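Presented sequentially are two complexes of chain A, the first with chain B as partner and the second with chain C.
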Partner chain A sequence: MNRTNKYDFLGYIAFAVIILLGVPFLLGFDGFELNTFARYLALAMVAMALALSWGTAGLLNLGQAATFGIGSYVMAMHLKLAASTNNPGGMPDFMGWTNVESLPWFWQPFHSLTVTLLAGLLLPAAVAGLMAAFMFRGRITGVFVAIITLAFMVALQLVFIEEQRFTGGQNGLTGLAPLSLPGWTVDTYSLSFYYLVAGCLIVALLLGMLVVRSKVGLVLRAIREDASRVRYFGYDVASYETFVFCLSAAIAGWAGMLYTLVLEFASPTYMSVSFSLAIVIWCAVGGRESLVWAAVGAILVNLAEGRLSDVFVEGWLLILGLVFILFVIFLPRGLYGLALAMVDRLRGAPRTDATLPVKEG
Partner chain B sequence: MTVLDIQNLTVQFGGLKAVNGLNLQVKMGELRCLLGPNGAGKSTTLDLICGKTRATSGKIMFDGTDITELAEYRRARCGIGRKFQVPSVFKELTVIENIEIARSRRPGLWAALSTFRTPIRGRVKDVLDRVSLVEHIDTKAGNLSHGQTQWLEIAMLLAQDSKLILMDEPTAGMTIQETLKTAEIFNSLRGEHTIIVVEHDMQFVRQVAQRVTVMNQGSVLADGSIAEIEADARVKAVYLGH
Partner chain C sequence: MRRRSFMKGLGATGGLAMTSGLAAPALLSGAGRAYAQGGELNVGLLFSLTGAVAVVERTLHDAALMAIEEINAAGGVAGMQLKTFIEDPASDPATYADRARRLVIRDNCVSVFGSYTSASRQAVLPVVEQRNNLYWYPTLYEGRECSRNVMYGGAVPNQQQQDFVPWLTENFGKRFFLIGNNYVYPREENNVCKMLLAGLGGEAVHEEYVPLGHSDFSSVINRIRTEQPDVVFCTLVGDSDVAFARQYHAAGFDPEKMPCASLTRSEVEVQAIGGEAAVGHFSSAPYFMGYQSPENEKFVQAYLSRYGADQVTHFVSEAAYFQVYQFKAAVEKLDPANITPAAIRDAAVGLTTMAPQGEVLIDANLHTHLWPKIARWKSDGQAEILVQSEARVAPDPYWAYEGETCTGEGLVRG
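And now, the complex of A and B:
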């Protein structure tokens, strides 16, 4: 199909090699460093999920952190139950403190690992699907999508904070058991755990790229440009938009599950406005048109945050905001656009404009 | 056999009846020209047929089914294709990608998920040859010349391969040669496709039209062969006269 897809695929291979071989080597196979990097990879996954809907279809989900948060709580509920087997009624400790009589019905299914893993993907997808059905059947587009998804996330976060008896409230879910897979109790400071997270990211990227390279991706890019024209060719635009929204949410939920494993707790801050905006910034820095570059953007910004936020404790958010503004002004296509322009210059081909903004959806 | 049957169709914008009790029958394989002064309701009529605008009252039958209330993508799936007055190709997509979008035999999500490329053969190749864009398949549509953009749009309609093709001023801004070539393409399409063209260029209309319908103030003023229309005194008064 088109040129950029070819480069995307090469970029994908290079990315996979670096993540699987380069990074562990550079970090000297140090468990602590690998754990930190695994955290970046989980965040890269949610950035890539946002790029899937924002970059291809122009649908900016400002509530992406909501679906990420649902995934992370699902995993945390499973691990919390595993850590509570010796408590009265098998109930999490915080429920005892708040006089909950017995384990609520919606906690019960999370005893099962299979249910947990499925729910971590399907619950976010279902929630996104409901929102999408409401928005896209009503032909809501552009900035209204951003506002509605943001409002939904704020409401959801409030529920998680307020319903302390069932969710652990402001503290979130802490004191989790390690994940126990058949034949493997996961040690989050091990190389194998790093490979688990890296493997998930690489599989998710591959899935996303297959969708983007298929005709679905093409139709979505056409929708970004002119949705009504697409309808006159017989495509049900709403179903395409709903699909990409659900897929993006499922991947975000997946990333959320991994994030809980890495940090060993789930917190309502995972559903906060500032976290959701950070995802948008990572995407913008990497380049939202490319899934791989969005992931790279997330990794680079978080690496920088890891190094710099100790130095500029108060100023980090300000720096991040500034970086975002600079990118929007000077590199609206992100590092991806810069890379494209450089490749074109090397080949002596007519130049791709790194600074040309992509059309807003 | 009548493929399109418009019965007493009306649409009201505020106080204005842009289309007012319109009756129009088009036969299978016919190439019908729609004439009329500016504001006569020609574009609005096409909008009503393809679903861009919903009728206030009246009925549109296409191929035996009532499509008056259908969503636009469903009408497209029934076999109605539309070219708009303003050129509308996907500028961010390449020529071949534009054609791939237009070539929507299986527009469903699941079919699209398992489609990775449209091979350049058969009708796709044919269409690209016809409009001389084979050399430019990987050019971004936004980088085409004005003429090429027009061709691309016509190629997209051909690739879509609709039973009924609605064209709004397809030769606007074309050179004489380009207009001739367009007329040629239209003539080769008749029979296989049913076409309704809104056109101002009388030269072009003489070359392609079998039957002409003249609209004025939202309804049919006259209807007949090009010779009959040119001789009609009422038509002269509202349209050809100035």
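And now, the complex of A and C:
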């Protein structure tokens, strides 16, 4: 176990303890605060998913919100159907208004919870897999990956807005039923719901860390540094890239499902450019090289946003923007880089430069 | 409020540390608080002050805030001052949902005033319905909603169209060209318009939807040129409407022969369009800034002197204003010990209020009886009111849907 991995592992344990024990206690087990924090945790999960592909393999997915959005709509479709059982034909209300005759075939399977949960993971992964096959077989790298993923997301969002008959259009899917798991109707203001979201995040982080620490992770980091060399060693670079891209998409879809549960609606704004860029910012603030720190970045930025908007109703967006600029200038490796530098200084070990940028993807 | 001052200190030291940020909320938890406390009643304002729709929503925020401060200056509601909690949802539905939770759950607001777009209203609905709170929504909208937790202050399709469409067919002709942004409001208004046209022997020669924010209408204008309709029926909103009106004018169409008839164009849009391009076209709404009534004179004067002579009042800001007075009247009917959102709602039904547009009444279905007006825009950016309905028009949010009625018990089928 090398030094970085050891700290990552310790950081992971500390993070899990804080999220599972510290936070609920500090929040006083208050339903509203737990619900708000559960939202941050869902966002932390999508940030961590981005760090997995961006920080590890150098694949900057500017369309991460697309897979997040797909997961979110999948869950919303299930809950919308559950809320529509008394409607004519069991159809969601907005379909009746837009003169849809009967429930479309691609809505049918989402009556089933199992199908929904699987689809929430597999559908984003499949979509990402298609994109990956196209991009990575064609040896597209760097900024072009960012442009293609961004363009794809914009197109996907447009489809969701335009196909109002099937997607609810600009309003998204609203008027959802609460999720019914066997023996448990989810109350989104309860401690158990908080633990559901927190548990998902911690499991996803563990999964991601296992990948990063495995030989696959090593190859991925090598690809980040120099894809050609890895290729000359005989590794199939495209397959590794596709794998991490799909895994990242599946986790993002998972996070999207949780997000729908927290906010009780799905909206096309979940796949907007501004939201997708926000994910990149969270990663950058936390530190994209570490999954845990990317998650911490998302939580801190959203906490800060929440608190700032409470105090400065008029100027909170400006202040937040300024903070991001300062981060990019002075801490390009994010809080993770800062933490590494501090640990080094404490131990008197050779200095790690917190401001030294890692190689761009 | 305790936490705000605490957080101000924290913000000053730049402390965004997780633990300190988190420790504060625990101080404030506590359920089952009474709404009327210490001679104060908490209300929330949830209008975007930043982002895409801030231009319009800020005027709603301003109008509602003005009403609250007028009420407080005049002694408050039943002796209680209104304590205002202001949030900025930044034109983003997810932020609306988050801030609505704050106002309803954390800040213990007895009512929240907010929203312009349907998407943001729907983002707030789960919160107010679950907590049985009350959301005062001032905007005209597409109808087909029957929540028991929303007070709808704006017009629904029947109130904007039932006089307007027949009037247009009489004065200009029966061939309509329908143009709108692609979301639920324009589509629904056009459904109603087509239904009315069918009854009048008219037709919709073409129906077109462009994405929100779309601003290049050259192909639409070409299409209008070839179709030569009698009326261009317009449900574009915001920037799209401004761009369309300008390009329509630049294309040289004569409003005397082929006017735009809009359900969404208010003084705000006309100000952006410019009087030269806006002149001669029509809008239908319950309120225009130029409407002559003592209440409106007072409203406009107070608004302009407070926010600047270059500002305008319009049919949504008027509702944002009078809804606060409706709220006040409803609360005053209640025993101060039993003020709850549900009690306010029940007390509000049947209330009449002198609004700038005329005396408005809250229906059992929580929508508002309004005074529809048809107006022609003048070059100074004001509207000349041509037709005014003779009676207050009742709201029927399911007008186009046979067998569905919104009643005091919610939606009834059959």
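FYI, the second predicted complex is superposed on the first by the 348 of 361 C-alpha atoms of A that agree within 3 Å, B and C clash if a C-alpha of one lies under 4 Å from a C-alpha of the other, contacts with A are read in each partner's own complex, and residues count from 1 in each chain.
We adopt the following convention: contacts are C-beta pairs under 8 Å (C-beta built on N, C-alpha and C of every residue); 3 or more make two chains touch, one makes a residue touch a chain.
Computed from a predicted model, the values in this text were never measured in an experiment.
**Q** Return fit or clash for chain B versus chain C, each positioned on chain A through the superposition.
**A** They fit: once the shared chain is superposed, the two partners occupy separate space.
**Q** Taking the superposition as given, does A:L207 touch the first partner, chain B, the second, chain C, both, or neither?
**A** neither
**Q** After superposition on the shared chain, which partner residues are touched by A:A177: those of chain B (first), chain C (second), both, or neither?
**A** A:A177: touches no partner chain.
**Q** Does chain B (first) or chain C (second) touch A:E33, or do both, or does neither?
**A** In the superposition, A:E33 contacts chain C only.
**Q** First (chain B), second (chain C), both or neither: which does A:L308 touch?
**A** In the superposition, A:L308 contacts chain C only.
**Q** Between chain B and chain C, which makes contact with more of the residues in chain A?
**A** C
**Q** Tell me which partner A:K215 touches in the superposition: chain B (first), chain C (second), both or neither.
**A** The first partner, chain B, only.
**Q** In the superposed arrangement, does A:G234 touch chain B (first), chain C (second), both or neither?
**A** In the superposition, A:G234 touches chain B alone.
**Q** Which holds for A:L117: it touches chain B only (first), chain C only (second), both, or neither?
**A** neither
**Q** Once you lay one complex on the other using chain A, what is the shortest C-alpha distance from chain B to chain C, in Å?
**A** So the smallest C-alpha to C-alpha spacing between these two chains is 31 Å.
**Q** Show which residues of chain A both chain B and chain C reach, each in its own complex.
**A** The answer is that chain A has no such residue.
**Q** So in the complex, the part of chain A that touches chain C is made up of which residues?
**A** Per the stated touch rule, the residues are 18, 22-23, 26-33, 35-36, 39, 93-94, 97-98, 158, 161-162, 164, 169-172, 174-176, 263-265, 267, 269-270, 274, 296, 299-300, 303-304, 306-314, 316-317.
**Q** Please name which positions on chain C make contact with chain A in the complex.
**A** Within the complex, chain C touches chain A at residues 3-4, 7-8, 10-11, 16, 18-19, 21-23, 25-29, 31, 49-50, 86-88, 90, 92-94, 97-99, 101-102, 105-106, 117-119, 122-123, 125-127, 144, 182-184, 187-188, 211-212.
**Q** Would you mind writing out the residues of chain B in touch with chain A in their complex?
**A** Residues 50-52, 71-73, 76-77, 81-82, 84, 88, 90-94, 96-97, 100-102, 104, 107-109, 111-117, 138, 160.
**Q** In the complex of these two chains, what residues of chain A are touching chain B?
**A** 1-3, 211, 213-216, 218-219, 221-222, 224-226, 228-237, 239-240, 243, 358-359
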